[in-house]
């Protein structure tokens, strides 16, 4: 429990944060990976096995140091984010999001992660990948809508993360482009009121797994997020979702160091 | 078994109840969390692993003392209720219900719980959250109906708890508000005869997981509850439930101390 | 294997049967519980874990003695039946059927059972409950049908048990009562030819889990039972079963002492 | 691996085959069980647990000797066939098919099997049973078709076995007999070209589990078998299969001694 | 992790590659198996159990040497390919593809594989098989289309592999041949633009399991592959897929030696 963090952990964390400093060099690359089209985003969720917590704290800290090392080692090629799901999702305990220009680099990271002493405690992995693309339908939308879409979301920390996998039905893909465009404009207008308090990112997953889209959200206002989804459920396009969630991943945005502190306790 | 409770348990329970006293300070807060809108309710169901019962009773009591401590520690921010499912549901053995104004606080509690020596025996967790809101459709209902809805349910202990997760179909959300309102009035009228013997509480779950609603019931009359559900299954609105239950959680309302006594045996 | 029963088991069985005698007092109550409306019937199926058979026979016999004790202890409030599923169902190895006027009493029995040294080997529990009621539709049926329904099934042992959980579709419940009554008369007429060789019992499960009905059958003629179900599948009412079986539990009717003998080997 | 069979195994196998001789007496009975109506056929598929292969070869051979003993012991009442699924089905490693006039006898065999030292390594059991009956629809078919149906399949070993469980939809059973007969004639004509190279056997499963039929096939020509199924998928009757396979079991026909040799390695 | 490969592994890999040389003799056969109709292709995916990584590296290398031996031993009759799924699919860690003229030979290989010391760490196996055939619909297609289909895909390594299992709906098979041919021509035209960058291979699975087709792809351009699938989802034929993927297997094409190096680390 919180109050039980030993001095040992504190030291360990200092050391780990120290390691963190080293990798600052790769920061620039990260911005491109997170903003540009043609980037592969992979979500890997894991549960911790029963053995993890049974280990002595010193052992766990040693293994978390390895985790830190594996992440740092791949930071040059990958943008790696971590999230804490335990307590808010029953699907998994931790979530990694990787961005890379080649999925092989992501695979190499996950091989190293799962092969590490820490990774041996990761079970029930769920992995799905998607590709970032230029907006499909926005070009055809009215200018005022385009303009509003350009307004950035509020700055500052957004503590909650939600990931919703989506699969469209067969009808959707057989619809003519203009019909899909019209539905997507309706979808976009319904989402617009929440663009300030909710960050969104879209990944195209068709063919890379059993999904068509991965929708990623960050927010500090879960009530707003609920209103957003209720709004999206009312538009025609929603009826073409054969799968929406299952699972919906809900968690909190954390740093690698914060996760390490939680897992060390 | 019942008759096998050792003096040791009795003492332990006394000690634990003692601890219970301490936390009385937080009581006031609890009423607001359980009655007001804008509160997040989280249901976390767990099974006990095979190792739990194999442990020596003294060890189990020590771990239950930790459980008690973790719960007390979070009582300031959270309203925490516990229920015993084993024997009435195959889905899980125990159920925790947490009410909080921020889901992060609930996550912190579950992190501490699952990280504790007791929590290491909790498996197959099922977690879903919802948000309490002002009644959506009641404002438009006739005054006599509104009046009847204000009549409180009978006072006194209601020993049984039922939790039914609900997901509406895509048609439901695309219906105009007045049509949904009309159906909900029919739904409400069907439920009214049971408002005395059955306590209800509704949580809006859309976007926080794969549910739209979490319905919570307490009753001492399971036959009345069966009649209530049969009544609700007859109204049009029911046909818009894509999912109703799966699982339906049935258990008994208990205090933390009662659960501890059961688990200590 | 059969032939390998040691004298030890024989003695143990004698002792257990001895215990059995003691509980004869509660017998009267049992008849009421099995015949009257307003009684809760609970079906709890369990598999034996891999550890069970690996134990020394002496240990298993000691644990089975505890099982016997737990059952006897609850016989005053509960009517408890046991069935052997292993070999005929893959769903579970043993099935307990409990009848009680309060589900809390059934829960207390299952808590004691699962908490016992024997119960620690019970896994993958499946539990569902239903309520016995006066016949819904019979009152409106023609007198000759009512008369035929009164004819009791053949006396004597019926070695096979079948339990089929049923969930009706949303259409069923929204049908007017008279339409459902007409369909149920057709259903009843189809079932009538088999009333002599097949004992039936019906439980209303709506709201107590994810079922609407639990149908219970005993027979010595599985070929007749197959013809019965084929007959029922042909009537209109069958088309309103969203779920029929899944699982269908097939096993043999045994006494507690017989099960103990089987498990002791 | 093949080449690693020790002399020990060879000897053990000789001994086991020796045991095999003893049971020749029961052979006659077997033919009736496999050909006559009113016989219960049970399919029990099992996986071997992780512990099996980790055991010393001597221990495995000792346990396989027990397996042989259990099978021989029940040969008087049961016709028992074994199949090797591992490598061709992911569902299970071995399949037992039992024919008996009473399912209780089959249950007793499976109880003895699962209770044996060998059986303790059998997991994830899948069990389903069916009843052999006189052909339902053939009597109404034209004489030339009847005649062709009488032509026996080619003699000699058919190395491959396929078992496909089937569940019909609610429409099927509510169709008038003559309509079903017409569809079954179309079905039969589609199957006829393959009667020489593919042996078929049908079991009626309604009410004994969640299936309506179990179809059993033996062939040395899997390409012919594929053509047969493609032919059957084209006829109207196929559209009334709510479930077809799931799982489809594919394996090889083996003798008990061959399986023992494989498992001993 | 990569950087931690000990000299020991390097040596071991040299030895293993050495073994590889020996089996060059069988190479010719392989081309026929991979190109001709009437060949059975089997896909077997496995996860590595938790015990694998916990073993000492020397032990793992010894077991991987056995793996190499088992594969070489079967190379005469089988064409065996291996793929690395871990990190890109959550379904399994490694995938084996076997081509054989008789499924029994494939079964024998998998029996030897799973029976080996290495194979004892393989769990959650998924196995499905299909038969290669002459193109069904191409003969009826216009000559220019036939010509384009003959153009080989670009030479050189295609690092990514995708395997998508497909099941058609009942309507598909009951459609007249010419209608299916027309839809398949539309399907083929949609796929044509990607024939250069994406290698395809088709297996007919009907009757050999619960699939109708297994589609196999190799590419170095996952973005092209995504466009291909999006194109195929737009044509009428796609609406007759009852199942498409579930799972979709995504991984990387590797040599046995590369996999051994990864698993040895």
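Chains: A, B, C, D and E, in written order; residue numbering restarts at 1 for each.
The rule is simple: contacts are C-beta pairs under 8 Å (C-beta built on N, C-alpha and C of every residue); 3 or more make two chains touch, one makes a residue touch a chain.
The model shown is predicted, which means the values in this text are computed figures rather than measured ones.
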Report task. Figure out the least number of contact steps between subunit A and subunit D, where 1 means they touch directly. Result -> 2
Query - subunit C and subunit D, separation of their C-alpha mean positions in angstrom - result: 30
**Report entry** Distance from the mean Cα position of subunit E to that of subunit B, given in whole angstrom
**Finding:** 48
Query raised in the report: Which positions in subunit A touch two or more other chains at once?
Result: none
Requested in this report: Could you tell me which shape the graph of touching chains takes: line, ring, star, complete or other?
Outcome: ring
Query raised in the report: Round the ring, starting at subunit B and heading to subunit C first, what is the chain order?
Result: B, C, D, E, A
Query - In the complex, subunit D residues that touch subunit C - result: 38, 40, 42, 44, 49, 70, 73, 103-104, 106-112, 114-116, 119-120, 123, 125-129, 131, 170-171, 173-174, 204, 206-210
Query - Residues of subunit D defined as touching subunit E within the complex - result: 1-3, 50, 53-54, 84, 86-90, 159-160, 162, 222-223, 225-226, 228-230, 233-236, 238-239, 241, 245-248, 250, 252, 262, 265
